[in-house]
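Have a look at the structure below before the remarks.
All chains are identified by letter, namely A, B, C and D, in their written order; residue positions are counted from 1 within each chain.
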Amino acid sequence: MDDKNMNCGELSCSACKRHKKAPRSEEQIRQLKNRLARMVGQLNGISRMLDENRYCGDILMQIAAVESALQNFGYIVLQDHLESCVTEEIRGGNQEIMAETIELIKRLK
Amino acid sequence: MDDKNMNCGELSCSACKRHKKAPRSEEQIRQLKNRLARMVGQLNGISRMLDENRYCGDILMQIAAVESALQNFGYIVLQDHLESCVTEEIRGGNQEIMAETIELIKRLK
Amino acid sequence: MDDKNMNCGELSCSACKRHKKAPRSEEQIRQLKNRLARMVGQLNGISRMLDENRYCGDILMQIAAVESALQNFGYIVLQDHLESCVTEEIRGGNQEIMAETIELIKRLK
Amino acid sequence: MDDKNMNCGELSCSACKRHKKAPRSEEQIRQLKNRLARMVGQLNGISRMLDENRYCGDILMQIAAVESALQNFGYIVLQDHLESCVTEEIRGGNQEIMAETIELIKRLK
């Protein structure tokens, strides 16, 4: 796809895919994907709890655990975003990146 | 396992599995499992976005979407818990169920 | 005002004031008002920090402290609500109180 | 106080008061203090509701309203922080400001 050339900071439309200028390291991608895989495992565990007619309170505890894992995952991606994309954009003179950043923060739990 | 006979309201230990006295309907289980399956799909989508070196801001938007879906899922299970288990326990004279309930609410986002 | 006779569980309109059937104890009211007074003190402290041109990061730490205090305050009122009004309503056969309760929980942080 | 000379970005200790390099405008301070005053008014309103033995559900709605007002207030201060202090620090070559920023974000609701 030729939209591969579109990087953070360039004009974008909702239909096209934006990319990260400074790619994540393989190690970083591996760790993030491990976290996602663990959360998928937790959600599948909740699915089995429903099949086993498990107590709501125990299911709610598992939901709370996935919520925490997901929030931490979000913080890791946000910190990387602040330290790479946002830092670059500010150095490059892009003033609007902070308004975009605050909107992202508002959407996260 | 013989702990299958242990229901909400009975004494429990962390090692054994508690069950829901009034089982969820098949339709209810189907809908809850559909929601879980959609969230698994969203997490797998985020995994692919990492492989494709997608922009952090777009990944953060997806994380926020799963957080909302997970929070709504938690509210549905909590409402069911309040309307079934908690209501039964109170009618049965169990006073402690509300302290347990507030602890669950504090853990949820 | 004659709406003083309207208690939790009775039909209400947005214009009238509903009251708590089982009044809070004087000690409970005193403790809750102390918490409110401390939060007012913290907000006034933030106001002074603005006058003194204090660093945003330090102001944000104070905001986070008030948010935690307010959330804890909400949990205390919610627990009291669950253990008094909600418990009474359920014992009295009011089924709808749980739907109202979940709406309140959704609004709280 | 001679700590008046300590600005954001300089080494600081918990005992001393840090200040904002680029001071907030008078208009900005006025608007922020108005928001704080409104929240103080709301907390005092909750205090009166306790005196009037008001229904927990109505008090919880007011708590939720202050929580939202406080969260919005936090976002305004955070956005100002990102657009002034954080932007300046990054332009000045301070790499650690983003780690501090993520810690602040984690503490806010």
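As a working rule, contacts are C-beta pairs under 8 Å (C-beta built on N, C-alpha and C of every residue); 3 or more make two chains touch, one makes a residue touch a chain.
Quick caveat: nothing in here was measured; it's all calculated off a predicted structure.
Participant: Trace the shortest sequence of touching chains from chain B to chain D and report its length in steps.
Facilitator: The distance in steps between these two chains is 2.
Participant: If you check the contacts of chain A and chain B, which chains show up for both?
Facilitator: none
Participant: Same or different for chain C and chain D, where same means more than half of the interface numbers show up on both copies?
Facilitator: Here the answer is same, because the shared fraction of interface numbers exceeds one half.
Participant: With chain centres taken as the means of their Cα atoms, state the distance from chain B to chain C in Å.
Facilitator: Chain B and chain C have C-alpha centres separated by 26 Å.
Participant: Using the average of all C-alpha atoms in each chain as its centre, how far is it in Å between chain C and chain D?
Facilitator: For chain C versus chain D, the centre distance works out to 21 Å.
Participant: Between chain A and chain C, what distance separates the C-alpha centroids? Give it in angstrom.
Facilitator: 33
Participant: I need the residues of chain D touching at least two other chains; which ones are they?
Facilitator: Each of 78 in chain D touches at least two other chains.
Participant: Tell me, which parts of chain B touch chain C in their complex?
Facilitator: By the definition above, chain B touches chain C via 75, 78-79, 82-83, 86-87, 90-91, 95, 98-99, 101-102, 105-106.
Participant: Can you tell me which positions in chain A touch chain B when the two form their complex?
Facilitator: It is residues 7-8, 17-20, 23-24, 29, 32-33, 36-37, 39-40, 43-44, 46-47, 50-61, 63-64, 66-67, 70-71, 73-74, 77-78, 80-81, 84-85, 100, 104, 107-109 of chain A that touch chain B.
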